[in-house]
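I have a structure I would like to understand better, so I am pasting it below and will then ask my questions one at a time.
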Amino acid sequence: MRKLLSIALVMILSLSLFAGGANESTVADGEGTSIVWAGWSGEEEATRDIFQRMRTTYEEMSGNTVNWVGWTWADTAQQLLIRLQGGEQLDIAQADIGIFNTVAQTGTLADLNEVFGEEWLKENFAEATLAVGQIDGKQLGLPWSMASITMVYNPEILSRAGWDTVPTTIEEFEACMADIAALGEGIIPYGVSTKDDTAAGDLMPWLWTFGTSLFNEDGTVNLGPEAVDTINWYKDMLAKGYIQMDIGRGDARQLFAQGKMAFYDDAVVAKGQAVSAGVDPAEVVNVCSAMPRPVLNEGDESQSTMWGHMLVIFDSSKHKDTAADFAKFLISDEVALEYFEQNGMPPVTNSAANTEEVLNDPYLKGFLDATATAKLDETARMTNASEIKTIVVEELQRTLLGQTTAEECVENMRARLSSAI
Amino acid sequence: MFQKTLAFRIFFTVSLFLIGCFVFLPLLWMINTALKPADKTFTLYFFAGELTLDNIIGILSDKTIMTYLRNSLIVSFLSSFMATLVSSFAAYSFSKFRYRGRKAIMGAFMMSQAFPQAILLLAIYLMMQRFHLLGSYWSLLISYVVFTLPVGTWTLKGYFDGISNSLIESAKIDGAGNLRIMTRIVFPMAIPGMISIAIYGFVWSWNDLLYAMTLVTDPSRRTLAPGLVMTYLGEASTNWAAMMSASIVASIPVTIIFVFLQRYFITGLTSGAVKE
Amino acid sequence: MAKFKNNGRLTDTQTGVLLVIPGLAVFIAVILYPFISAILMSFTDRSLLNPNSNVVGFENYVKVFSDPYFFKTVWTTVVFVVFATLIPFTLGLIWAIVLNQGFRLSEFLRGVTLVNWIIPGTAIGFLWSWIFNGQYGILNGLLTSMGIIDENISFLGQPVSALICVIIARSWQMLPWYMAFLLGGLQSVPQDRIEAARIDGANNLQTFRYIVIPGMRQIFFLVLILGAIGNLQHFDIPWTMTEGGPARATTTLSIEVYRTAFKNWKLGQAATVGTVWAILLLLFSVVYLKQVKESD
C-alpha cells in the first residue's frame, strides 16, 4: 500500500508542476500589441476553424496578437458582464443583438464614431444597418452580419401537401397547415416556440401582424384587444395540433432538419443544423427556405425581427486602435465573403453586401427580403429584457396549458409587465 | 445476508431486471447514438442497424477535445487529492483534538453547503482575479477543494472516531510524535475512507460547469464539461451524436479507475459513518 | 484524550489547530467571505450591469415575498428535493441489496453502474429530454411501436409530468451514488447478528426490519441529508431539460437564483433568495448537527 501511495504522490507532484506552469501569463512576445477578443463562435464546432483562421491571418499580417476568450452563445452576455465587473482585459467582442443591448447597458462600450470616424462608417455601411448598433446617438456596435428572423419552410413538404407557393395571409397559412396535417405523416405544421425565451421572440411579430404590440412607443404596456386574438389564435392552432408545447428553437431545428416540421421561425443560421445533419450546403435551400411571414389582410406589410451579429469595442480597452484595425480586417471583403461562403453569414458593408454572390444567393435572398421591413425585438433596448420575456412566456404557457383564458393571459401580462418596467 | 426463499428470488429477479433496465437502457442508448452515423442520429433503431465508429474516432482525433479531457483529468485528480488531504487533516483535528472554537468551525463547514453556489460565483471570480489566479488550474482547484471539504471532513471524522484512542495513546507512550502518529498509524487505517472522499471530490470537479466556464477561459486549460457544451451546443445547431460520443469516450478512463477502485470506494464511503 | 508532556513538540491543542488551518483558510476565502458579501449584497440593488450599488434596506425581501410565485417555487423545490432524494435512495437500496448477492456479474455491474454518475450533467439533461421528447422522443417511439399509444404524449409540455420527468432524470444520475453508499452500509451490518436472528427464526423481512435497518440507520441519515442538500443545489438537469418551465412547473430555488442573477442581472435580489434559502437550510443543519452531537 505504501508503494502505491508513493507512486500516487509522485504522480500528483508532477501534475502540480503542470498546474503551476499554467500560471505563467500569456503575454505576447515581440513588438505587436496583444488584444483580447471575446465571443462564442470561436468555440463552436462549425465556426471554430474559420475563427482560428481569421486570427492567425490577422496576426501574421499585422504582427499583433489576438487572444480569443469564448463561452457558449447562451452564456456570453453573462460572462461578459462578469468579466467587465472584474476589469480583466477585454478589447473587442462578438455580440448578437440581444447580447449587444445587455452589454451596452453597462456603459462600457466605446463610441465607434470616435474610434472609426463617422465618415468612414457612413461610407461603408447603409444608414439602416448602422442604426441597429446605435443607442442614444452613439454608435456602440459595428454591424458584422445582419439579416432578419423570419419564417422558414420546407418546400418539399409544402409541395407534397399541394402547395407550390407559400401562404401569404393567415387564412392561407391555416389552410396550408391543415393540408400538411392531413398528409398524416406525423409532420408538425408549425414549430413556433412555446418554450424558453424564444417563445416571447416568436410571439412579438405575430402581435405586430395582428395589429398590436407589447409596448407603446413611450414604453408603456400596449397589448390592445388584438393581443387576445393573437393568443386565441395560438390556442386554436394548439387545439388543432398545428403547433406543440415543449418546442424551443433547438427542438424546432432538430425536427425541421429531420423533415418532421413544415414551418418555424429562424434566422440565417438555420442552415447550420441542416448542414450538420448531412445536407449539402448548396442544396439547403431545397429543404430550408425563408419566406415572408403571412399577414392578416392581403396587402399588409409582412413582419419580421431584426437579427445580427455585431462587433463591439470596450471603452476600457488600452488598444482601441488595434481592436479597430482588427475589426476592419474582419469586415473586409475578403474575410467577410469567406465567412459568408463557409458559414452563410451575410456580410453588411456596402462593398461586400452588394457583390453578385451575396445578392444572388438563393438561400439568403428570402432573409434579406424580409430584412427591409424588419423591426427590433421590443425588449431590445430594455435593461431587463430577459425578465420581460420570462413574464410573457410564463403567461403564454399558462394559457396554452389551459390554466387561464386568453383574456386573463393578456391581463396578467399587462399587470406583471407594468410592474416590471 | 438474506435467505434465498422463493419470495426473495422473485424480488431479486424482478429488481435486477427493472432497475437494470432503468440504469442501463439510457446508457446503452447513449452508446447506440454514439455509434450511429450523423444522418441517422434520430432514427429509432437500437443497435440493429447501420453502425459506425466515425463519431468515436472523430472525438479521439479531435485535439481540442482531448486537451479538455486531459485538463479534466489533471484538475479532477489534483483537486480530489488536495481535498482529501485537507479534509483528512481537518477531520482528524475535529475527531481527536479538543480546542476552543472547534464546534463552531465544524458547524461552519457544514453550513458552507447551504448557500446557492451561483451566488458565490461572482465574489469568487473577483477574488481569484485579485490574486491573479484567473485562468489557472489553481482557481478551479481551490474552488473544488472547498466544495468537497464539508462532505469529506464529516465522513472522515466519523471514520477517525472509529479508531480507538488507546491505540494512539500507546503510540505516544512509545514516544511517537503527533506527526508520526498521524502519518504512520491513523491515516493508513483510514485509506479506504480517503479513497471514497477522493472519488467524491473527483466527480464533483469532473461535472462542474459554471465555475469551470467562468474561472478558466483559455481553451488550453479548459475542462471537459464546459468544453463539450461550448463545442456542441451552438448558436445555430446542437450536435447530439457528437455530444453523446464525447461523453462516452470521456467516461471510459474514469470508469476503468472506478471499477478498479470500487471495492475501496464502497467499503470506505460508509465504514466512517457507521459505528459500532 | 489525555495530555502528555511535550518535550519541545507541539501540544495537542496546537497540533489540532494546525491541522484545521489549511481547510479553514480555503474555507474562509472561498466560502465565508463570498457568503458574507452575498448576505450584505441582499440589502443592496447590486446588478451585474453596474459595479456600483446603493443600499436599499429590505426592499429585495419585500419583493421576493410579495412575488406571487415565490411560494410556489419553494413548494416545487420541496417536491423536487423530497422525491429526487427518496426515489434514487429506495432504488439504490434495492439495487445495493441485489448487487450484494455476489452473483457472477455483480462486481462488474457495481463498477459500470457508477458511469451514470460521471457523465456530464448537461449530457444527461439532453439524453433525458430526448427520451421524453413529445415529438421525436424515444419513449414515445417505444410506446407507439408497442401499440400502447396512438398519439405522442408531450411529457415535458405538461406541468406535472415535466416535474416527474426531471425527477426521474435526476434519480437516474444519482442512483449509483446512493447504491455505492448503501452497499457499503449493507456490508458493514455485522454478520453475526444476522445469523443470531436467523437462529431465533427471523425471516427475511424481519431480518431486514429489525437488524439491517437499525444497523444502517446512520448511513441512511447521512445519505439522505447529503442527497437532499445536493438536490437543493442541483441546477443543470432541470435547466437543460425545461429551463424551469412550462409555466414555472420545474422552477426550483436554485433555478430561480440562477435566472435572477445571470439572466435578469439582479444580483441583490438573487442574493436575497439565497439568504432566505440559507435560513431554511439552517433548520435542516440544526437537525443534522443534533444528530452528530448525539454520536459525538
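All chains are identified by letter, namely A, B and C, in their written order; residue positions are counted from 1 within each chain.
Quick note on the criterion: a contact is a pair of C-beta atoms (placed from the backbone, for glycine too) under 8 Å apart; a residue touches a chain by one contact, two chains touch by 3 or more.
The structure displayed is predicted, hence computed values, not measured ones.
Undergrad: Taking a step as a move to a touching chain, how many steps at least join chain A to chain C?
TA: Counted as steps through touching chains, the separation is 1.
Undergrad: Across the interfaces B-C and A-B, which one involves more C-beta pairs in contact?
TA: Answer by contact count: B-C.
Undergrad: When the centre of a chain is set as the mean of its C-alpha atoms, what distance in Å lies between chain A and chain B?
TA: The computed centroid separation for chain A versus chain B comes out at 36 Å.
Undergrad: Centroid of chain B to centroid of chain C, CA atoms only: how many Å?
TA: So the centroids are 14 Å from each other.
Undergrad: Counting only residues that touch at least 2 other chains, which ones in chain C make the list?
TA: 48, 136, 262
Undergrad: Where in chain B do residues touch two or more other chains at once?
TA: Those would be 42, 122, 229, 233, 238, 240.
Undergrad: Find every residue in chain A that makes contact with two or more other chains and list them.
TA: 75, 82, 85, 254, 258
Undergrad: Would you mind writing out the residues of chain C in touch with chain A in their complex?
TA: My answer: residues 48-51, 133-136, 154, 156-159, 162, 242-243, 245-248, 259, 262-265.
Undergrad: Mind pulling up the chain C residues that touch chain B in the complex?
TA: 1-2, 4, 9-10, 12-13, 15-20, 22-24, 26-27, 29-35, 37-38, 48, 91, 94-95, 97-98, 100-101, 107-123, 126-128, 130-131, 136, 138, 141-142, 145, 172, 175-176, 180-191, 194, 198, 203-204, 207-208, 212, 215-216, 218-219, 222, 226, 229, 233, 235-236, 253-254, 257-258, 261-262, 267, 270-271, 273-274, 277-278, 281-282, 284-285, 288-289, 292, 295
Undergrad: Considering only the defined contacts, which chain A positions touch chain C in the complex?
TA: Within the complex, chain A touches chain C at residues 75, 78, 81-82, 85, 102, 105-107, 188, 194-196, 244-248, 251, 254-255, 258, 260, 383-384, 386-387, 390, 393-394, 397-398, 401, 403.
Undergrad: For the complex, give me every residue of chain B touching chain C.
TA: Those in contact with chain C are residues 1-3, 5, 7-8, 12, 15-16, 19-20, 22-24, 26-27, 29-30, 42, 44, 85-87, 89-90, 92-94, 96-99, 102, 105, 107-120, 122-124, 127, 142-143, 145-146, 149, 151, 153-155, 158, 161, 165, 168-169, 172, 177-178, 203, 206-207, 209-210, 224-225, 228-229, 233, 238, 240, 243-244, 247-248, 250-251, 254-255, 258-260, 262-263, 265-271, 273-276.
Undergrad: Considering only the defined contacts, which chain B positions touch chain A in the complex?
TA: 38-39, 41-42, 64, 74-75, 77-78, 81, 121-122, 125-126, 129, 132-134, 136-138, 141, 188, 191, 213-214, 217-219, 221, 226, 229-240, 242
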